[in-house]
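Handing you this structure, nothing more for now.
Labels for the chains are A, B, C and D, by order of writing; each one numbers its residues from 1.
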Amino acid sequence: MSALRFDQVAKRYPGGIEAVSGVSFEVGKGEMVVLSGHSGAGKSTLLRMIPAIERPTEGRVVVNGQDVGKLKRSGVAILRRNLGVIFQDRKLLFDRTVFDNVMLPLAIAGFAPREAARRVRAALDKVGLLEREKAYPIALSGGEQQRLAIARAVVNRPSLLIADEPTAHLDPAYAHDIAQMFRSFNGVGVTVIVATPDEALFAPYGARRIVLDHGRLVTEEAVP
Amino acid sequence: MSALRFDQVAKRYPGGIEAVSGVSFEVGKGEMVVLSGHSGAGKSTLLRMIPAIERPTEGRVVVNGQDVGKLKRSGVAILRRNLGVIFQDRKLLFDRTVFDNVMLPLAIAGFAPREAARRVRAALDKVGLLEREKAYPIALSGGEQQRLAIARAVVNRPSLLIADEPTAHLDPAYAHDIAQMFRSFNGVGVTVIVATPDEALFAPYGARRIVLDHGRLVTEEAVP
Amino acid sequence: MTIGNWLRQHGKACGAAARRIAGQPVNTLLSALVVGIALALPAGGEMLLVNFLRLAQNVSATPQLSIFLTLDANKKDSQEIDARLKRHVLVRDYRYVPREEARSRLKQTEGLAEVIDSLPRNPFPDAFVVTPKGESPEQLENLKLEFANYPKVEHVQLDSLWVKRLDALLRLGQMLVTGLAVLLGVALVAVTFNTIRLQILTQRAEVEVSRLLGASDAFIRRPFFYFGALQGLLGGVVAWVLVLAAAYALARPVSRLASLYSFNFALRPLPLAESLFLIAFAVFLGWLGAWLSVSRHLRDIEPR
Amino acid sequence: MTIGNWLRQHGKACGAAARRIAGQPVNTLLSALVVGIALALPAGGEMLLVNFLRLAQNVSATPQLSIFLTLDANKKDSQEIDARLKRHVLVRDYRYVPREEARSRLKQTEGLAEVIDSLPRNPFPDAFVVTPKGESPEQLENLKLEFANYPKVEHVQLDSLWVKRLDALLRLGQMLVTGLAVLLGVALVAVTFNTIRLQILTQRAEVEVSRLLGASDAFIRRPFFYFGALQGLLGGVVAWVLVLAAAYALARPVSRLASLYSFNFALRPLPLAESLFLIAFAVFLGWLGAWLSVSRHLRDIEPR
């Protein structure tokens, strides 16, 4: 069973725009995939269909054997709890501290407070924000906010990690750190799918390449 | 008289972090400057002091001959009306259409509706979003939102344009277009100051380089 | 800024507020209902009170003096007193109550009808009921003494218990209505204050971005003021409708009650001038709530 | 989910709501004031009504029959009737009113004192005032006929005008209080509904992000329910305080009014059971408003 399978998926937005058309591909468990393409190619749309934020208008998206399009409300909630997602616009909560932002997925999953706090600190440490745990996101620089979003996505130890341009706003040095971090998640068995305009960044880690162009899949190959 | 002058400027945030220390430089009228530095180096902080979003804790920031730190509330409002700013987090209004987002600065400046609409369309056309004028920002891809923010910043034809990572979320092709666009603004006399992790992008246009490191100015030179 | 420009800015702010209100019909209706109810209660109370005062004025605005003749007074004696009263400068009005009328009036008093019927003969004397011109206690006391010295006058009585009762009732009513008005005025301002506060919070991004783009404080505040005032306007109209409805609903039981007290009385709804005042007041309160809220909450939103 | 987990989740939601409320003291106070005022008015009205009913019950819960003897009835005749009444199974209670007492009672009636004094002799007969056991109109009518056939009885009178008046007054009062309660209940739910709506809007980002991270509907709704209920609780307490204050403020004028009608009457504040009910009801209304609002507005917030 693959971790993720797209099966002739199309997404037409109400406005009439077909952001994704006839896309089929498969991601095996423990694989690392880089999704690239021009701005507006449909990368975010494609990624948003995995946690059922958008539903495909045609075809099927299958995550861990479940057809996402057929899930009920409660099924969607459970699915999301088991994914790690880094959104393109980060979706941080500006009225909660750095610590509480990372705590949120654990609170939702119902972790005991002590264990949750331990995990939050571990995740913050990994992205270099442990010292800022009491700060509010507004006091973070763009790159720090990006790292906060990453910490929140991985705190739950998801088996599938989805990242939409996780290295935007990061200088090359930090971007490499982040890529390295994803690589290490991948190394312990996490399936990773990353959309990025900068596919070269992930090249050293032997990620598979998927390229979109105007919603269509044009390339699917291992990074050279 | 220079367009912009920093005079031994330091900014210490309430938390105790000194984001900018003893920075002095000058930007002449019609110049184009690229500001770079690692994540958290203080680029955004520095740029935010120009429209008085942050006030320096030491030193002076002088814009068009005015000491920004000494401006009253109404003075700040007038100053801001005459700047074009692209914020790192874009600050779009998600409950207004693309058209209305770009209209806002003109409404604030009190333009007559017809002239304002003409200018809005011209600005949207320049960033390739004219067809999407009736859409809401949520229906735009990351890169499209970025271009919308650019259109809003230039619609008022400011004499000083401040851009904080304007090419984040843009694929290289679009990033070059945007850089080219800034170049053309600069060509008609607009002073431009851009923070970007990707200074190479602006190299072909002969922009001056300013590099920050942990809040200190380390390099100030023409791009080679 | 030119005048045209100024007008345009205000028109825009008002339009924006109106659109925001029209865009959420259910919530607008609910808010208007709350404001309307809050206003309708003191307004309705005031209406009842005004009606009651009108009734009271008809019934016994000025105290009256009753002159009872002796039982042996005859027609001529009555005429003599009638003549004196006619000439008296301090008598505004008077009425002759022959002994037969006194008897039949008393018969209407509860539980007395059959007692009176059972009496072997009419025990009542002829009487005069006098409405004097002055109202001060001394004047009345003097008149009372003067009348008592008229020939064949057994006794003069100053009608005051009824006045006292009415006064106590009215004072209670006024107290209730004033309390109601104060309480609900406070509630109203609080509701608007809170609505605008939350409105500001939901428009936080808009306020922040406008500030960043150089909007003046006036520019940012204006739509909120219009919002508050419009909400007040709607509430005022609802209040007016409620008061009207209450007047209709109460008309029946009130006039039945009045008839039990042998009054002929119909509830009058709020007159036009007061209706307009009610609505204007609602607009003012809405504006006030908006102003307080904006003063308190808008400064907090600084761009960052 | 284990029970400990469930408890923890509820505790957290309640804590979050409490923190949100405590974090904005001025606004919380204002909301509580609005809810409190809205609740206090019908509660206060009910208190007045309950007091009034109590008074009414004392005064004339059951109608009475007055038996007037003929003027020539002597002591023996009275004793005969007294004996019959004592034996009568349908008589709960009765009282002998000698003609002297009738005369002095009538003297207390406004404007009659001097008339009575001026009468050459006491025009009143001896009388009995009877409180019957039954209350149905036919029973009373039968009793009336029976008493009328007793020897030396001039007339029997059924006391009913007073009852009718009281009934009309009470019906008016009940109508006002019910109207008030309905109006203000609606206002209250509307206020909570609106507060929660705006609360949801201001927490839009939080709701959206929680959804994205896989929070269940219950998880998201819970804090809003607690928020509504807590706000209701505060409002209920304010309402209770207001009613208490009103009871104090009204005590004076009410008992003065009562004394003018020769009643000895003191306003009693809300009893404990009803105070608790008031507060519980406030909590319920707050919860209801939150529930309605959440049902309507929360689904709209879908992550995008």
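The criterion applied here is as follows: contacts are C-beta pairs under 8 Å (C-beta built on N, C-alpha and C of every residue); 3 or more make two chains touch, one makes a residue touch a chain.
Given the structure is predicted, the values throughout are model-derived calculations rather than measurements.
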>> Give me the step distance from subunit B to subunit D, shortest route via touching chains only.
In response: 2
>> What are the mutual neighbours of subunit A and subunit B in this structure?
In response: none
> Taking each chain's centre as the mean of its CA atoms, which one is farthest from the centre of subunit C?
Replying inline: A
>> Averaging over Cα atoms per chain, report the distance between subunit B and subunit C in Å.
In response: 62
> Using the average of all C-alpha atoms in each chain as its centre, how far is it in Å between subunit C and subunit D?
Replying inline: 24
> So how far apart, in whole Å, are subunit A and subunit C when each is placed at the average of its C-alpha atoms?
Replying inline: 67
>> By the touch rule stated above, which residues of subunit B touch at least two different other chains?
In response: none
> Where in subunit C do residues touch two or more other chains at once?
Replying inline: 304
>> Taking the touch definition from the header, please name the shape of the chain graph: line, ring, star, complete or other.
In response: ring
> Mind giving me all the chain pairs that touch?
Replying inline: A-B, A-D, B-C, C-D
> Which positions of subunit D touch subunit C when the two form their complex?
Replying inline: 26-27, 30-31, 33-34, 37-38, 40-41, 66, 68, 70-71, 102, 106, 109-115, 117-120, 123-125, 154-155, 157, 159, 161-162, 164-165, 168-169, 171-172, 175-176, 179-180, 183-184, 186-187, 190-191, 193-195, 197-199, 201-202, 204, 242, 246, 249-250, 253-254, 256-257, 260-261, 296
> What residues of subunit D sit close enough to touch subunit A in their complex?
Replying inline: 1, 5, 8-9, 12, 205-206, 208-217, 219, 303-304
>> For the complex, give me every residue of subunit B touching subunit C.
In response: 51, 53, 73-74, 76-83, 85, 87, 91-95, 104-105, 107-110, 112-113
>> Quick check on the complex: what are the subunit A residues that touch subunit B?
In response: 13, 15, 17, 36-40, 43-45, 88-89, 135, 139, 141-144, 164-165, 168-174, 197
